[in-house]
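The structure under discussion is supplied below as structure tokens; questions concerning it will follow.
The letters A, B and C name the chains in turn, as written, and every chain counts its residues from 1.
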Amino acid sequence: MNATDLNNETPAITAGYDAARRTAWVAWIVVAVICAILLIDYGRRLGAKDLRSLMKLVVGGASTEAAEDPLDSPEFVALREALAKNPSDEGLKRQVRDLDLKLRQEYFQQRRFVRLGAHLLLLSVVVLVVSEKTAAMLRRRLPNPEPVDPSSNATRQAVCGRWARGAVVVLAVVVVVTAEIIASDVSTDLPTNAAELASLGPEPGGSPLVGPFAPAGDVEAEPQTETKTPDFPTDEELLRNWACFRGPHGSGISAYSNLPLEWDGASGKNVLWKTPVPLPGNNSPIVWSDRVFLSGANEKRREVYGFDATTGKLLWTTEAPSTPQSRAEAPQVMEDTGFAAPTMAVDGRRAYAIFANGDVVAVDFDGNVVWSRSLGIPDNAYGHASSLAMYRDRLLIQFDQGADDDQLSKMIALEASTGRPVWQVKRPVANSWSSPIVVQQGDQAQLLTASDPWVIAYDPADGRELWRAEGTTGDQGVTPVVADGLLQVGSEYSEWFAIRTDGSGNVTETHIKWRGEDGLPDTVSPLVVGKLLLLSTSFGVLTCYDAIEGEVLWEKEFDMRFTSSPTLVGDRVFLFGQEGKGWIVALSREGCTTVAETDLGEPCVTSPAMQDGRFYVRGKKHLFCIGHSEEDNTKPE
Amino acid sequence: MKACGRWLFVAWVVAMLAGTAYGVERFPPPEFTNHQLPATQFAPPRAAAMQYVDVALLAGALGLASYLALVRRSRRGLFFLAVASLAWFGFVRHGCVCPIGAIQNVTLALFDPTYAIGLPVIAFFVLPLLFTLFFGRTFCAAVCPLGALQEMVALHPVSVPQWLAHALGLLRYVYLGLGVALAATGTAFVICRYDPLVGFFRLGGSASMLIVGGCLLLFGVFVGRPYCRFLCPYGAVLGWLSKVSKWHVRITPDECIHCRLCEDVCPYGAIEAPTEGLQPEAMPSARRRLVFFALFLPILVAGGALLGRELAVPLSMLDPTVELAERIWAEDHGLVEGTTDASDAYRNTQRPIDELIRAAVLQRDKLAWAGGAFGAWVGLVIGVKLIWLSRSRKQVDYAPDTANCVSCGRCFWYCPQEHIRQGWIGAEEKDAGRTVTLR
Amino acid sequence: MAENQRKIDRRKFVGDGLRIVGAVGIAGATGFWAGRRAEDDDNLWQIDPHQCVACGNCATHCVLDKSAVVCKHAYAMCGYCNLCTGYFEPDANELTTGAENQLCPTGAIRRTFIEDPYYEYAIDEPLCIGCGKCVKGCTAFGNGSLYLQIDQDRCMHCNECAIAIACPSEAIKRVPAGKPYLPKDQNGGPA
């Protein structure tokens, strides 16, 4: 830099300036052309055919999301489809290969082209900047300011200040209006306040495990056990109610013996009430204090019903919230199974239902949905039928599906209050229709499951496997029972097994007390009466074993098909045939004697729910409550 | 989905044929007798030490820029340093991490104790601040690649009216507030996401980003450094630090002769003319205005906070958790058809939906606070600006406005005093500077 | 004059004070941040293959024209299947390397016969665009030995990863520079 820059212009400088100027112009044109080419190419990649659609793409701010897959070209897709129709056409194959190669080459060619374009653009911008800068430097001029009165500076400042304040206010207004527009334009579907959020359930971690089953040794948690009531029913409550399929411990044994021994649906004798159930379902009623629960479903709708136990009034019907999945497709089920085969469960706080499509719902006693979740449509040959079980504040779902090596089957424990999974284990078993049961064996609660081919016991607290035994192959539709430390389980196409529950690991070789081959049931669950084990086939044959030793004691045939499982009331066994005809029988080692014959007057494939002085049973259309009516003379004194 | 169905069949056939067992992979890996399994190749990342090289280069560049601006007073030196910084921090290092974006990292580190922030990131954020505190915005002059890129293209600058520049400059604070609010809540790094120029450093990026960036650069040919002056959130911070800087670039270290040659040459409108302040007759109204704005300030802040809280919902839409929760909620309540990859992915994790909903609502509550703080900040900025614009300013010489001057050194050449100082013209020609007439 | 001088002195004093406050503030904040940072800086982006759902966003959302995400192969996990569900189209015409049978849109997987009935599959990374089609096929029906990773050599290390924003399963996370990859067969992870 020297003084000559100031005002001298030599011919050399003029020539240099002109050259720089010209270069700059050329660079401007090159930059514009490259930009245009890249833009057009970009539009072509996204499928813009003309300038208008290109503008649309650019204005619409198309991201690279639409970036192409080289083999998405319609031509290629068409060729592939043609080949799928003519799988052995060698000519077509060659065409596919040729086009494939061409498309891939084009694809990478195109990427190289963009890369090259970017580099050329950069280079031309550099040239542009250098030439422009050179030109500017070669003709750098001092400005020639007009003389101004220095005293007007203050006025200028004042004017500028006024304008600036105005502009700031305008800007503020623009910001406020923009914010308002944005705020009113975007809405949310989520709960907006604490109350709505609270309806989702208690805060996570809010319900500590307390009560008689609480793990010992946690000293710090001790004070809490005194102040907080456990959020799950006591054993006594469970005993007094009929909280799941086959009642307390899934045993099918009523805690009451004061039930009527005769009734008649046609004459209405001892029928306290009967109420139609809107949607069909093969699940059995469950009862908690003054509330009876049922679920029903068809292909489209899934509903939970709450009945008043005293009057039989259908208090509420709650439709299970639909999930994207339940809207998308209905599960394939057999007609005999239906869409609501699993029996519900109740814990005095909420009632829970699962449907054939894997949707689980929890409702409170007023029918409000507390939570719902979808487990996915189970791959189940006849339709999901396994009933829900509960352990303390956990809802236990035996979610068996597919074949035994599909790794699809699961045991799932959900937190009853929230539906949050507590644990989940995979099960090496095929789809099954048997329900899980929870029993206390010594110090250990056991969650017992039967499926093809394994019987597996879990710790219901954490899903830890306690033991397993192999052998229950084929369709497993029978729910096992436990008595005297023996798990009674079996299936129609394998054997009957009495398995000691005190084992660990694979107990197939060590803990099977006895096996039986007679009277194997396919649907009806067993009943243990004292030392007797009662099995019932679906075609009406009752077989009695010695429950401890496995000796077959007797058989008796009824002229009726059975689907409903037997229930023990006092020393009487209630049997319901498919047509609704029923028997009340007394058992002994020698045989069984029919005490009474009854008729519900309606087909019945479900099992009854027993309560104090009355029981509930679901017929094909109605829910019945059978109890001692005024003139009933069988009423115990 | 159709393809999936076909696969299921294939998988079933394969499973039947292979007879897989429980507990092992579907297809047990073969045990070869004479085949060595190849090792998967993983290209190593750039050596971690290189980050510290970057930090050292940053410190060196800042030192050099300060030296060139304040001691050597060399516009040419600053320009070439800017070219070098653009090349290294821009095109070689692809613009990340830069001090502008680092605002968000340090904010998140401030609010989220689990967020691990790297030392280089802290250094990138802090070093320019420290240098600015002592030497003015020399970082902007020749170290920041975004600034350098705009400095290069400022070829035909026109001057923006001061009043407009004042107003538009506030956008920097709005952007800063937004970036900090969203970073503090861990919602998004918007300053990075909507950085218009970084796409050029990577020679690629989404089309909208490149097009916006291209337009900005084209605009920058005529309006000097539009991003720095009207958008850069870091520039807003640096401006304040520069105001109290120990040393700062001056048009001339010598006495100003009020030749007014420099007045219009600054492309960034950062040279302030001398003024005697308000006339005595204007003083009472100015004072009233000042009092009014001062009283109005709390109202602006409170109003901004209220309005900002309403932004919780729109802001939360930038948060992936909230977005997912909204989607799943809508799906579960039949408000939308079908599912998305994200909702499917979440459902497949088997994690409970209400855990997600709860997290989303919590995040939105957080954003209500952040939005309120953001609104209050904007109100405060506007109010303070109004007060600032109402004050009486007295100035004797032509001098750079230390907050807005980026120390680019363009004005040096236009000052006759500088020409004398550098010995380009003799002292006797000093007065001629005033009368030199050029075509 | 004295009045002016005092004014200048006061201004200088205020300026110095503010500057000291600023410097102390910056230093304090630096100390706070430095004290808070983890031992090993998590400063690289990487895909957790156990969370990845192979949605295909990696191929389209990276700031690079050719995504920094590529497919990696955990050979030790591979079943060396003849019918590789990561290699073949679901309705593959034949189990040959013919283009009509391949799933990969760019033909980036090499299939080599090893011994009956085993075939080895290798990724030609320069061709791989990270679309994850093979990963989806392999994970759904095979052993899941194919998985996506961010090639740290080509990753731009953006401050906010564009793919991470687009990832539906939040599979992209920061990893320490000392452990830049999350290989599927070495660190195990949840089964």
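In this section, contacts are C-beta pairs under 8 Å (C-beta built on N, C-alpha and C of every residue); 3 or more make two chains touch, one makes a residue touch a chain.
Given the structure is predicted, the values throughout are model-derived calculations rather than measurements.
The chain closest to the protein's centre is C, with centres computed as averages of CA atoms. Of the two chain pairs examined here, A-C and A-B, it is A-B that is joined by more C-beta pairs in contact. Chain B and chain C have Cα centroids separated by 25 Å.
Mean C-alpha positions place chain A and chain C at a centre distance of 30 Å.
Chain A and chain B have CA centres that are 44 Å apart.
Multi-chain contact residues, meaning those touching two or more other chains, occur in chain B at positions 204, 206, 343.
The residues of chain A that reach two or more other chains are 63-64, 114-115, listed in rising order. Chain contacts: chain C has residues 65, 91 touching two or more partner chains.
Here chain C touches chain B in the complex through residues 15, 18-19, 22-23, 26, 29-30, 32-34, 36-38, 40-44, 53, 55, 57, 63-65, 72-81, 83, 85, 90-91, 114-115, 118, 120, 122, 125, 137, 140-143, 149, 151-160, 162, 165, 168-170, 174, 177-178, 180-181, 183, 185, going by the rule given at the top. Chain contact summary for the complex, chain B toward chain A: residues 15, 20-23, 76, 152-153, 155, 161-164, 166-168, 170-171, 174, 200, 203-204, 206-208, 211, 214, 258, 260-261, 263-265, 273-279, 282, 300, 307-308, 310-311, 313-314, 316-317, 322, 325-326, 329-335, 337-339, 343, 347, 350-355, 357-358, 360-361, 364, 375, 378, 382, 385-386, 389-390, 393, 413-414, 419, 424-425, 436-439. Of all residues in chain A, those touching chain B in their complex are 1-3, 6-7, 35, 39, 42, 57-58, 61-64, 114-115, 118-119, 122, 129, 132-133, 136, 140-145, 148, 150-151, 153-158, 160-172, 175-176, 179-180, 182-183, 185-191, 197, 200-201, 203-204, 321-324, 327-328, 371-374, 403-407, 418-421, 424, 428. If you check the complex, the residues on chain B that touch chain C are 3-4, 6-7, 10-11, 14, 25-30, 32, 35, 37-46, 48, 51, 94, 96-98, 101-102, 104-106, 109-110, 113, 116-122, 126, 129-130, 133-134, 188-189, 192-193, 199, 202, 204-206, 241, 244-246, 320, 340-346, 348-349.
Here chain A touches chain C in the complex through residues 63-67, 69-72, 80, 83-84, 87, 93, 96-97, 100-101, 104, 107-108, 111, 114-115, going by the rule given at the top.
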